[in-house]
Every structure is written in structure tokens, then in C-alpha cells.
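There's a structure below that I have some questions on.
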Amino acid sequence: MNKVKFDYFIKGEKNQYEVIIGLEVHAQVSSNSKLFSGSATKFGAEPNSQVSLIDSAFPGMLPVINKECINQAIRTGLGLNAKINNDSVFDRKNYFYADLPQGYQISQYKDPIVGEGKVFLDMPYGSKEIGIERLHLEQDAGKSIHDIDPTNTYVDLNRSGIALMEIVSKPDLRSPEEVNAYIKKIRTIMRYLGTCDGNMQEGSLRADVNVSVRKVGDKKFGTRCEIKNVNSIKFMQMAIEFEAKRQVELLDEGKKIDQETRLFDTKKNETRSMRSKEDAHDYRYFPDPDLLPLKIDQKLIDDLKKSLPELPDDKKERFIRDYGLTPYEANVLVSEKEISSYYEEVAKLSDKKLAATWMMGDLFAMLNDKGLSISKSPISSKNFADLIKSIKSGEISGRIAKEVFEIMVESGDNPKKIIESKGMKQQSDPKELEKMINEILTKNKDKVDQYKSGKEKLFGFFVGQVMKLSGGKANPQLTNEILKKLLKG
Amino acid sequence: MSIDKEKIIHISKLARISIDSKKSDSLAKDLTSIFKFIEQLNEINTDKIEPLSSILNTPLRTREDKVDDGKIRDKILKNSPKKNEEFFVVPKVIE
Amino acid sequence: MSEIIKKNLSEIIELIKKKEIKSEELAQLYIDEANKSKKLNSFITTCFDNTIKKAKEFDKKPNSASLLPGIPLAVKDLFCTNGFRTTAGSKMLENFVPNYESTVTENLWKEGAILLGKLNCDEYAMGSSNETSYFGNVINPIAKNTVPGGSSGGSASALAANLTPATIGTDTGGSIRQPASFTGTVGLKPTYGLCSRWGIVAFASSLDQAGPMTKSVKDCAIMLEAMAGFDKKDSTSIDKKKENYSKNLKPNIKGLKIGIPKEYRVENMPKEIDELWNKGKSILKDLGANLIDITLPHTKYALPTYYIVAPAEASSNLARYDGVKYGYRSSQGKDLIGMYENTRSEGFGDEVKRRILIGTYVLSSGYYDAYYLKAQKVRQLIKKDFDENFAKVDAILTPSTPSSAFKIGEKTNDPISMYLNDIFTVPVNLAGLPAISVPAGLDKKGYPLGLQLIGKTLDEQNILNIAYAFEKNCNFNNEIKKWWL
């Protein structure tokens, strides 16, 4: 095991460099209404239709916090094995922007709701622990639309005030692959918990990526650059690769790296400096006087802890222990809550191991082909379990099973019905089979002689003939046994 | 702390208020005297004092997660100095 | 008939209840008086047609069970009023018409009151003389060329000139009590959290509190009862049952312990203020109260603390005025940032800009600990001073202001001397306590002066009772000659 070694380094002119990455993930909290107002949070609504007087910062408007958002942050914190802080404070982060109607974002600065935690990544070179620095609640900003009008920017405040969790990792990530695994892990945990839908296309999950490089063996971190608001894993990976190379080149040339905010240009695949942010770095944080300190009872934390669903790491352990799956299989099958539930439904009714193999093979390939999630699968878990049972019992062969599977995808029918109506049942009656095989051997006397005189390769030919004659339905194992017996005689 | 013109320029930028050069001189003078007054606080040792976090001793009240607001686009846009039927409109942002 | 407007609110309420006057007639009297009194510049906006319409509606179905039956009231232009322009005394909001109603004014209308108009105030309530208003300074009816105090200067002026039977203001550092003192009226700043801040244009969120301004202590109790109450839309609103301040008003203060803090005798304070304070002490003593010398050692640091905390909060609260959603927008500026900088430069007046800059500075990187954090620590000490003394006394008696009303323009060039006006009122806001200013006498110029009673948290009834007893025995007479008519 673990023969694979970590090997992501950037080659400079003289030195090898290691890449140090820390992520600030912004995850939209799953809630009906916004963090401090009763406006809806649905994606894709008409512009400015989910905006209250509070979200658009009218004079005299005041924030009142949404209880569910607090609970969601606590659940997420528990899912990240983190410390929940009994006392936390909401601060104002002050800056001006067209889509920030208050002129400040309500966030948490010194005293976040969730403190240190950790997650574990399954990498080819083993399990890796990534530290979580903190998680805090904050308001999302609205959206500035620059491309409708050449001289004006349009502002839509639907997103303004939606609750976000900012999850800050320690600078423990070392490669784009680890970033990929980390984001997926965090996303999986939140989806299990139902605290964030993790939909990156809809902007429910975005990240600021901090990148620095240092010579392999160095202990001190290099100067980091922050790449703002990257909204897909692919772009994060590309941005990191570009940025790490850029920094190494600068160091090779004997130049200094400026600590700055950069933007990933998805068209040019490069990062560039965001000049407009330069003087906006002094956010003048201070406790929001419209809100009081947030106190969380230990009882609430304990109650939420008790009501948490089984999390992916525990589920994986259980799949390995109870279902005899390999760590790899278990990992894949717990990657989405829906997948794991589907698998468990199938495994309860049929062979656990075979179910895993078929799910990860044919079922995933089909879903992938069709671009469907498992919850939209044309094959129900019950029907899929029946298919696995039919294979396991020898009622149909693997080859026939694939045909049945295809029909199930098209029709959504139960496999038993398909096997029945199409007469696809495997021939497993030894007498019938023996009769058929005898016929074949009689017809091919010359080949039988050759086989007996040592040309054992011909065994395959006989099997082929049996399959041909039976229309593929002959039980392969039985066929083998009977053939061997008859050819001996 | 004496406040010079340069500081006035820096903070007026942070506060997004343009200040012309003549005004910044008199502002620097005013703010210097105000800060001299404010700095009386340095007479008190506050090393062991917790800052006041809230004048009220009650915990933060929460609300239920219900949608009971929004869907008032006309109301929201009504007072805007520049808008169209759907959006607030502002001069182009130069990134 | 025109003598009616000189009466106290409680008397007028009786007249309405006894059907001796109709709401419409009453409204018309105030409208006529306001129309004759434009020189005082106490109104920014009037809505007289609507007042008459509402008064007629009341007269058709008079409900005398309510606290303020058919009573026309003008309010400070810091309260957002649905359908009526709300300016906060600023060019920034010159044309802003809210489509929502502040909780406090909504409470008044629910009790039967009717809006007369919006009263002038210092811009965003930042000032102590009502000279920072974009809509011009307000005149104190006590004498030509005197300021009414601020920031609720229009409220105090209109009340003293009988242009409204009672009114409401907001008090962040003395903005109700100081103008009340300057105009010979009663002004109460409630415990922080007693009146909802929802719908009031914010100045400094941790200090702002709305309160009544009236001609008598009884009126004050009625108004406070009408406007106060828990509001779930304000996270800092105190969740408690409504109190019947007017019904429970009793002039008996026998045996109460009144603290007299030595720190409120400040340098260069006119002798008259000291004499007035002594007069107050002896009245309370004669009524059976025990006077107890106390010390509030951090009093002198209250004003410096205030001038960090209030501007810091204001710099952030006023960031929303950026020309995007509502209010003034400059046509200058080539991009978004240029638009912001010009909008805020042209839309705000000098005092507001000065305070935004102070606030921005004390929060900025490298200065936060030295100023803002330091101030919040001193604020803790100021609060502790009060907490410790309130274990020993029931209320504290101090002068309301260090001087009587001053001349227009007298202090506009010296911000510090202007700020010093609030020296006796600011500690109360920092500690979140209730305090009332009651008129106590006239100085040698014949200008009124007030005394302040500071109470324990949510002990409004107690300071109202003391003020009520004091009022009955003080024989204060506000001699306002209607020189402007």
C-alpha cells in the first residue's frame, strides 16, 4: 500500500519549490431566508425581487439574525470536527462597492462562531489531515453586472444578505490535487449535513485561494498572494499552477513577490493584480452595534450534535467493516450522500460486494453518460438490487445482465420482468446443458480429438459454441464443469 | 496626535469623500484639536479593563427562518437616483 | 380658542375626550400657528392637508380610549414617515420619501396621534445648536438670535412656541435634554432599548434613543407610554411589558436617596448653574428626599470617549449614503469611485464630514486599539461608576447643561466648545441609562435652565415621579413673548 509518493513540486532554475496553499471557502448556507432579513434565497429569481428594505440598506433598517443560519454553522463546525465557540461577535467590515448597499458587510472577525477543526483527505499517498483555522458567518454581497451596458454597471441585490459560511483552512494544502480533494471533502460533508448545497455553478461554493512557494526544505513560508473568488475546482487548480509558476519565476529572477490580491482570468488562464482593491484593504472592523454578542448554549450544541447524520468518514469505516468493501470502493460510494443511500438500499437486498462493483461500473458510467445524478437514475435502487440478485443467483450471466441493464435504463422496468418476457434466463439445468454439449461434441468430433491429443486451447472454442447455441444463456460455470467432465470421458 | 493634510487625504479616501485642498487645511486644524481633546483618555490606565461589548446584558435574539419579506422591487427602486425597471444603475466600475 | 394651544398635552387630551374641541379644530389651530411662525424655521416639511384629513377621520369615529386621541403632533425629521419626506436635516436626503414608518411614530399613530409635519434638526442629529441643518438653523423662541440647542432643535423650538402640543426627538449625547433645557421644556432620554430604533435614521447605534419632549412631566409620561415598547425588528430592543407611566405618576418622593455627583461642578461653569443646582437640591430635600454626595470619577472622560465611539459608529452607519439606492447623487465623477466621492462630498455638510473622518480614523488600521478599543474600555469604567452608585442611591441630580442657550454663530468656529455643551448629558448615553431634563429656572438674561435626573436602567417611572414632584414645587414659568409673530 501507499507506494505512490507525493510529487508535486515546481522546478525552478536551481531549486525545487513546494507550493503552499490555504483556502477560504465561501459556502452559501442552506436556509429559506437571508441571514438578517426575511427575503428569500432562491437561485435564479427575477433581479431585485428577493430584496427587502434591510437588504438594500434603507435608512433606519436593522438586522435580526436567522436562527437556522446559526444552527447550520454549528452543524458544519461539528462536521469539521471543530470547536464551537459559546461566545462570538458580529463585526462590520467596512468598504464601498456598488453591490454592498450598507457600505459594510456584517461578518465575524475576532470572535468567529466556530474555531479550529480538521478534515482528512484520502490521497493516493495516504490519508492527509488538513487543519481548519475557523468558520464564521457573514453576509453575501449583491451582484454587479458589467456587460449589459457599455457605460453603466447594473446592480442586482438578490444575493445581498444571504448567509455565507467562510471556512478558512490552515496553509496545509500542497498541490492542486489536494485542493481538489479538500474542496470535494468539505462539499461532501456539508451536503451530508444539509448545510450547503455545494452547487458551484450557482455560486453556492466559491473560494479565495492563498498561494505561496518555498524552496523544498525551507521552514519559512514565502509571501502569499490571494486569488479572489474562484468558482470552480478546475479554475482553482489552473490558478494555483499558474500562480506557483509565476512566483517561482520571479524568485529565479531574484525578484520579490508582492503580497497582493489577484484575479484569475478564466479566458487567458492567468492571474493578474487587482489594482482597484489596493486602497480598500483597511476594512475598519468593529463590533456591529446593531447586534449583541451571540451566546450559544452548550445544550444547543449537544442537541445539534445528537441530531447529526452519519458523516462520510464514519460511513466509509462502516462500509469497509460491515460490507467488506475496499477503502477505494467505500470512498467512492460515500462521496455523495445520495450515492451512499442508494448503495445501502441495494446492499440490504442483494450481494454487497457485487452491488458495489456494478454500481461503480455500469451504473456510474450510464449516469455519467447521461449527465444524471443518482437521484435521477432511471433504475431504481429496488430494481438494481433485483438485477444484482439475479446475477448472484446465476439466473442470468454477467453478459446477459449487461443486456438487461440496457433495457432497464430505457424502460425503467424491473429486471425479473425483462428476463421473463425476453426469455433471458440462464440455462442452469445440468441435464439440458449436458444434452446440448453432447450435441456440440458429436458435431465437432475432429476438434474433440485434437483437444484430447493435447490442444487444450480448443476449450474456449467449445464454450463459444455452447454460448452460441444457447443464445448466451448457458450458465458459464456449469458449462465449464460439464464440458470438462465430458471431454475427459 | 497631530493630523496633517496627508492623513486627511488618506482617511477621506477611505471614507469616499473628496476634500479639496483648501478644506483639508482647516480640517487638519480642527481634527488636531479634537484629537488632542480625545487623547485625555491616555491619562487612564485601562490595561486590565474589558472593553464594553454591549450596554444590554441580554443575549442576541433570533428569528425563525421564514420568508416574509422581499418581492417589493418597485418600492426598493423607487427612490434610486438612477435605475431601470429591474436594476439600480451606477457608473461603470473600473476593475 | 387660540389659548388652547398654550395648554399642556394632558389638558388638551381632556378637552378632546370631553368633546370640547374637535381634532380638526385643534389641528387647524396648530396649523395656523405654524404658518405664522415660519421665522423660527422649526419645520422642514409640513403635511397639513393630510393632518386635516386624518383629523376629520378621527372626528367621525373618535376613540377616546387611546392615549393620544386625535392629537396632532410634529416629529423630528429623523423618524421615517411613510409617504412623507424624511431628510435627517441633510441635502443627502432632501428628496427621500420613505415607504415605511418608524416603529416609534407608528406607535404614536396607533394611539390616535396625527402627523403635523417634520421638525428641523442638526444634520444626521450631529450638533448641539441646530446650526448644521441643510435646511437652515432654527431659532429659539425664548429670544431672537439664540439657538434652540440640538440636535432636536426644531422639536424644542416648535414645542416651546406652541406649534405642537408635544413632540419626540432622539438623543445620542444629549440631543433631547440639552434643547429641552435651552427652551424651558421637559425632555426624556429613555433607557437604551426601551424605544425601538427601527425606522429612525441612525447616527450612533449604541447610543441613539428616541424620547419625548413635552411641556410638562405628566405629558412626558403620556408620550413615553405611547412611544415605548418591545420591537422584534430591533435586536437591541428590550423585551418587557409596557408600563403605564402616566397612571403610575406620583409626586411622592419621601425617603428617596438622591445622589449629587461632585464631578458635575466643572471649571468655568457659570455661577447661575451652580445656584440652580442648589435650588434643585433644596426642593428635593424639602420634599423628603435624602441627598447623598457621590463620586463618578470618570465623568470628565465621557466626552472624549463619546467623540470616539459616536463618530466611529456614524462613519459606518453613514456609508450607505452613496448615491446608489436613494438620496442625492452627484453628476460629477468619471467612474463609480468618483461618483461616490463627489456624492458624499456634496451631499454631506461640514460637521457630518468632520465626524465621518474622525470615525474613519479611529477605526483605521493601526489606530483601532489606541482609540476605539480604549474608548470602549473607558466606557466600561463610566458604566461601572454608575452601577456602583446606583447600589446606594435611587437617582442622581445634575445640571442638564453647563450654560443657557447661546447666540447663533457663537460656537460654530470652535468644535470643542460646541462639543462641551453635552458634557453633562453624554455620560448617560454611554451608560445606556434613562435621564430627564426638567426646567428649573431662568438665568439673569431670562433664558431657561434645566436640571437632569438620571435613573437606574428601566427606572423611568422613578425619575418621572421625582421630576413630577420637583415640577409641582419649582414654580418654573417659561415667559415666551411671541416676538416673531
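The chains carry the letters A, B and C, assigned in the order they are written, with residues numbered from 1 in each.
Here is the rule we use: a contact is a pair of C-beta atoms (placed from the backbone, for glycine too) under 8 Å apart; a residue touches a chain by one contact, two chains touch by 3 or more.
Given the structure is predicted, the values throughout are model-derived calculations rather than measurements.
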Farthest chain relative to chain C (centres taken as mean CA coordinates):
A
Centre of all protein Cα atoms: which chain's centre is nearest to it?
B
Which pair, A-C or A-B, has more C-beta contacts?
A-B
When the centre of a chain is set as the mean of its C-alpha atoms, what distance in Å lies between chain B and chain C?
23
Express in whole angstrom the distance between the two chain centres, defined as the mean CA positions of chain A and chain C.
58
Inter-centroid spacing, chain B versus chain A (mean Cα positions, whole Å)
41
Residues of chain A engaged with two or more neighbouring chains
53, 56, 64-65, 96, 98, 153, 155, 282, 284, 291-292
Chain C touches at least 2 other chains through residues 96, 206, 232, 235-236, 315, 319, 322, 324-326, 336-337, 340, 360, 364
For chain B, jot down the residues that touch at least 2 other chains.
14, 16, 53-54, 56, 58, 60-61, 63, 75-76, 82, 88, 90-94
Of all residues in chain C, which touch chain B in the complex?
96-97, 99, 192-193, 206, 232, 235-236, 238-239, 298, 300-301, 303-305, 307-308, 315, 319, 322-329, 333-342, 344-345, 348, 353-354, 356-358, 360-361, 364, 371, 373-381, 383, 415-416, 419, 431-432
List the residues on chain A that touch chain B in their complex, please.
31-33, 37-40, 46-56, 64-70, 89, 96-98, 144-146, 149-157, 263, 274-276, 279, 282, 284, 287, 291-295
Counting only contacts in the complex, chain B reaches chain C at residues 3, 7-8, 11-12, 14-19, 27, 30-31, 33-35, 37-44, 46, 49-56, 58, 60-61, 63, 75-76, 78-82, 88, 90-94
In the complex of these two chains, what residues of chain C are touching chain A?
80, 86, 88, 93, 96, 98, 100, 102, 197-202, 204-206, 232-236, 312-313, 315-316, 318-320, 322, 324-326, 336-337, 340, 360, 363-365, 368, 372
Touching chain A in the complex: which residues of chain B?
13-14, 16, 53-54, 56, 58-73, 75-77, 82, 84, 86-95
